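Chains here go by letter, A, B, C, D, E and F, matching the order in which they are written, and residues are numbered from 1 within each.
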Amino acid sequence: MLLHVVNPNTTASMTEKIASAARAIAGSETEIFATQPMSGPASIEGYFDEAFAVPGMLQRVSEAEARGASGHIIACFDDTGLDAARCVARAPVVGIGEAAFHIASLIAGRFSVVTTLGRSIPIIEHNLVRYGLASRCAGVRAAEVPVLDLEKPGSNARERISQEIERAKSSDACEAIVLGCAGMADLAAELAKLHGLPVIDGVSAAVALLQSVARLGLTTSKIGGYAQPRPKAFTGMFAHLSG
Amino acid sequence: MLLHVVNPNTTASMTEKIASAARAIAGSETEIFATQPMSGPASIEGYFDEAFAVPGMLQRVSEAEARGASGHIIACFDDTGLDAARCVARAPVVGIGEAAFHIASLIAGRFSVVTTLGRSIPIIEHNLVRYGLASRCAGVRAAEVPVLDLEKPGSNARERISQEIERAKSSDACEAIVLGCAGMADLAAELAKLHGLPVIDGVSAAVALLQSVARLGLTTSKIGGYAQPRPKAFTGMFAHLSG
Amino acid sequence: MLLHVVNPNTTASMTEKIASAARAIAGSETEIFATQPMSGPASIEGYFDEAFAVPGMLQRVSEAEARGASGHIIACFDDTGLDAARCVARAPVVGIGEAAFHIASLIAGRFSVVTTLGRSIPIIEHNLVRYGLASRCAGVRAAEVPVLDLEKPGSNARERISQEIERAKSSDACEAIVLGCAGMADLAAELAKLHGLPVIDGVSAAVALLQSVARLGLTTSKIGGYAQPRPKAFTGMFAHLSG
Amino acid sequence: MLLHVVNPNTTASMTEKIASAARAIAGSETEIFATQPMSGPASIEGYFDEAFAVPGMLQRVSEAEARGASGHIIACFDDTGLDAARCVARAPVVGIGEAAFHIASLIAGRFSVVTTLGRSIPIIEHNLVRYGLASRCAGVRAAEVPVLDLEKPGSNARERISQEIERAKSSDACEAIVLGCAGMADLAAELAKLHGLPVIDGVSAAVALLQSVARLGLTTSKIGGYAQPRPKAFTGMFAHLSG
Amino acid sequence: MLLHVVNPNTTASMTEKIASAARAIAGSETEIFATQPMSGPASIEGYFDEAFAVPGMLQRVSEAEARGASGHIIACFDDTGLDAARCVARAPVVGIGEAAFHIASLIAGRFSVVTTLGRSIPIIEHNLVRYGLASRCAGVRAAEVPVLDLEKPGSNARERISQEIERAKSSDACEAIVLGCAGMADLAAELAKLHGLPVIDGVSAAVALLQSVARLGLTTSKIGGYAQPRPKAFTGMFAHLSG
Amino acid sequence: MLLHVVNPNTTASMTEKIASAARAIAGSETEIFATQPMSGPASIEGYFDEAFAVPGMLQRVSEAEARGASGHIIACFDDTGLDAARCVARAPVVGIGEAAFHIASLIAGRFSVVTTLGRSIPIIEHNLVRYGLASRCAGVRAAEVPVLDLEKPGSNARERISQEIERAKSSDACEAIVLGCAGMADLAAELAKLHGLPVIDGVSAAVALLQSVARLGLTTSKIGGYAQPRPKAFTGMFAHLSG
């Protein structure tokens, strides 16, 4: 099985970390290939960054479809461009935020999310409402750690995330924690042990879920909202999409 | 990986069909063992039958835990006794209804459910509300086929289910179909081809999902609602549970 | 009028206390008879205990129907097995949790619930969502008092419940308190006086409500989810239910 | 027990019919006295009529409090002025719409409402949302019968209501019917027999419920939204309320 | 454009303050005329006061319709009698609470409300639910300032409101503040500057919104809930409404 | 007042029609300038087209901010890129879908939406849920008219839209109609007259609303989700955004 993981930002070290986390869970029969867009922001922190990450990410999804990928993972916790990617792909597409919410719902009554910056909280809350899983979420919290600090060896990112988990445990009556950034993929196991409850990383959750969907032979529905895009004229830097 | 599938009713032919559907998706590295309760109803059609299926089913979950199962599947679409099973088990537990809803949510904006009897509709609707996925469901419909008719060669069960799928497509604006009974496991592929949209069977969905959760090393949270049962006195036919 | 109160646990002292609370409110024209299951747990604390309380409780409901009861009260605040009991009975069935929520909604804009253990909170919250009354509930709180401590003369149960009511008043903006356990039936009046707001006990609320429904000549609807169970084979310890 | 039933409109024949329905259910130990406002509309059909019914109705509630009533019933299905009445009264106050919804929720999974005119549908739907019981309601339907036609011997009101019940049964998957007007109080028993499902009349439901609340010794919470009105200056025709 | 602003209470100084706030935003092409009822309470603090404010207010709306008003503003934050006013008027009617909620939703993801007294909180919360905007509201808070204290030069009203805004900012994660009383119209600009986030006053919001609706040539729908009142007999002090 | 209207697609004739509709409502004191992106699709029909419309649209918003615009209108009914635009702009930003929903909520209890293609229905439904106004919407319907057919003189677009309005009136119990595409701006008045209920066009609604917000002196909150984008590196075709 060939799975495509696209990191929607352009920071290569983060793409590598994500690919590594994906391969760690994928097993020997699944080949993972990881991409990042040619164009876009170095990190995704809020609605503005998302807007410029999506076009380049969709191109990677198209290329991966052509290459025969059995599925696509969008490795940003905001599930950036997820709906548009489902229009492009016939193979299933899973966002890491979405994946983490679904997996958490299978092992806990309710979970809290600990993400990077406060400005991402409304995005995550909107996604939860759209997915239907808002009622399973006990709280979305920010450790106020910029995304790329997660890549810096000396930062106190891990400590601040751990403190926010502690607050979630005592205030939210949550039964599990979801880590709200692809860049936190390497922290889940350690934090689970430290805090004594399940801690879910979206990257590995998405790989495992996507393997499930692919093994089931299911593909994205092409009736309704995810129907193939209608051919039409595109202008300017997107003129190549005209069809 | 050793996975336990428990059919909460006592009809052996249905347990076999379920085991067979589970093995078909599980792959060679996963061993499936299927059980059914010693005591209980021959089929589960409504709240009353559920009540008598659960004690025997929980015993099977306990035994399978002792045998080292990496996970448990409750193979009744009502997800009979799911919460209680999560209290008993440390390994993850997935119901086939729940599994189908989560998987459908990954490949379609909204799905309809086609189940056996009208009396099961409120149960399924309640589950959807509790799981949080009611907003993803475009309708729960009954083909008015008794569960055990699915086991009878000459019944028109398949035809009535297919007709109800047709109605769901035209009336519900659904993008995928979830089959609402473990006994429909063998119909999904054929109906998907016939109707031109994804058709999801809960048994295979649950196996695939549970493999994912188990591979992620995640277990049921023991904080909150699914905490280990408190030891206490039990009386009568359940006296052996005293602890 | 003959009303049946079933305590779903097997602790006789609690059955007596419940019967006594029921008789105190019922008046002279209503005869109360109280039962408890032959089999099951000594107290109901969470999903697991519920599962083993229900079969024995349903038998008591069947027997009471045969005896001509005009209605049934399920005297556990989790409303254990309420839906299944409604399938068995033609007479109306009321759970004490449900009863307390409905009564509280008639005299206050919003109420808080104070129950025994944290593990019961998700059960109560699920019930509130299903009944539709979650929006009327300002909070479900646990005093962390095991159920049977309510039966022990020297325990500090009453004090801890009172403290939790104080917290609910100051934090939840609640206008009334619902006591979340059948074993708290004797505390309501005193706590209402102490805290200066209505305090509702489910047992008496259920008796009063059930008298209302019975006097109205209304019985459980037999269309839909509460239809008479379909006759079928039962096995093992439930073989006597085959029909 | 002395119960006050106020018909918020000024049609004496309707007040009598309501009083009669109330007495039929109340039993010999409860004295019912029925009132109607000095000022206001002859029937309540929509928001405008409600506005002019409330002041006169609140005066009746005040007078009945002074007379020692143990409770008040607002006998208009829109529950006209219910919140304001709760501010005035220390005794419990129940609206007939509200009462019917609560009682229906105890004997059926979901109910449909059949009311008089389409313009009342949004009022009833708003009430259901506020009470929290919207999820229990399968549909609010209008028979398009003006309120006072229910008082006219030769009208086809009963027939049109019966037809709408038939439509509700076939389209709404409802398990019970709530009659949506005080003037329909005399039709419930007959329609229940005809259609084979519980049919709930709000007037008798409210009497029975209010007897329950009163017997429980519960009164309207005076913390929060239903606190005693603050004394202040009133002008013009309401100058007598200054305090 | 001629706009009618009705202050539903009878305090002339407040009517003047509201008129002044309305004129300040209206611009030279819009003529504002402000009224107050002949009968009713000096301030509106809770459900009871509302009930006696509405009849007099509806008369002002009728008179203003006859005078050719292009729209009506109900200048009480509870949107007292809004639905009834829409039945009376063909011109659009906007409540200041409603207006503030809609405007806040256009410039912020979520807003908190700071109102006068705690007893108004449930009214405002009910309105938010009915309008559909409850999910946009992060909290409704009371500064515990009686309405008429806002008119008293020496009161500490402004300070207490400012403190409550501070609490909302730190606890609610709100992005804007809505002032919950017509009498706070003169404080918005100053508090916005002080607290560094948008602060919305309902009076000016309603004027601006109503100008929009009127300029669009839109009038209140006369299909459904806001249809013209049916002619009928009225009695007593409302006998003049008979038609 | 200088208002910026951006048509997110690249079809010049549609930009002109939108500008013309905007100027017709704006009045003489407001200058409207209309733009369209340099790059992107000729029409927006679904999630995929949206993704490629947003970057070019955000550039127009930035340029218009620099030019001193008092507000921005996003003239696609999907409110394409609305959240990202609010991050870029200090001036208020209003989407035409959002504007139409808010205006409709002020003159009708509930409204139905008639849009172009079925694939846009889920997008519109998601927006309604996020805005909080889903409960005010009686149905989202597609006339199955491609967007650019609205620009073609000989198409039967107008007729099909009118037919769908007829269906909405008879099936949805709606009290007003919202036209679900910027390209329908010229049809509203005529359809309102034909069908006898308010018909709201988003373009004019947005202009009128934005004038309101601007006149109120309110700007987009810069606390929370709409905070100024954090400066960071951008790559490839978006490298000019690095800061």
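The definition used in the following text is that contacts are C-beta pairs under 8 Å (C-beta built on N, C-alpha and C of every residue); 3 or more make two chains touch, one makes a residue touch a chain.
This structure is a prediction, so every number in the text was calculated from the model and none was measured.
Two copies of one sequence, chain C and chain D, touch each other mainly through matching residues, since over half of the numbers at the interface are common to both. When every chain is reduced to the mean of its CA atoms, the largest separation from chain C belongs to F. Separating the CA-averaged centres of chain D and chain E is a span of 29 Å. Between the Cα centres of chain C and chain F there is a gap of 52 Å.
Chain centres here are Cα averages; for chain A and chain C they lie 44 Å apart.
Contact with two or more other chains is made by residues 109-110, 118, 121-122, 129, 135, 173, 224-226 of chain E. Across the complex, chain C is touched by residues 25, 27, 92, 94, 98, 102-103, 105-110, 131-136, 169, 173, 175-176, 189, 196-198, 200, 204-205, 208-209, 211-213, 215-226 of chain D.
On the chain A side of its complex with chain F, the touching residues are 10, 37-43, 45-52, 54-56, 58, 81, 83-84, 86-88, 118-119, 121-123, 126, 129-130, 146, 224-227, 229-230, 232-239, 241.
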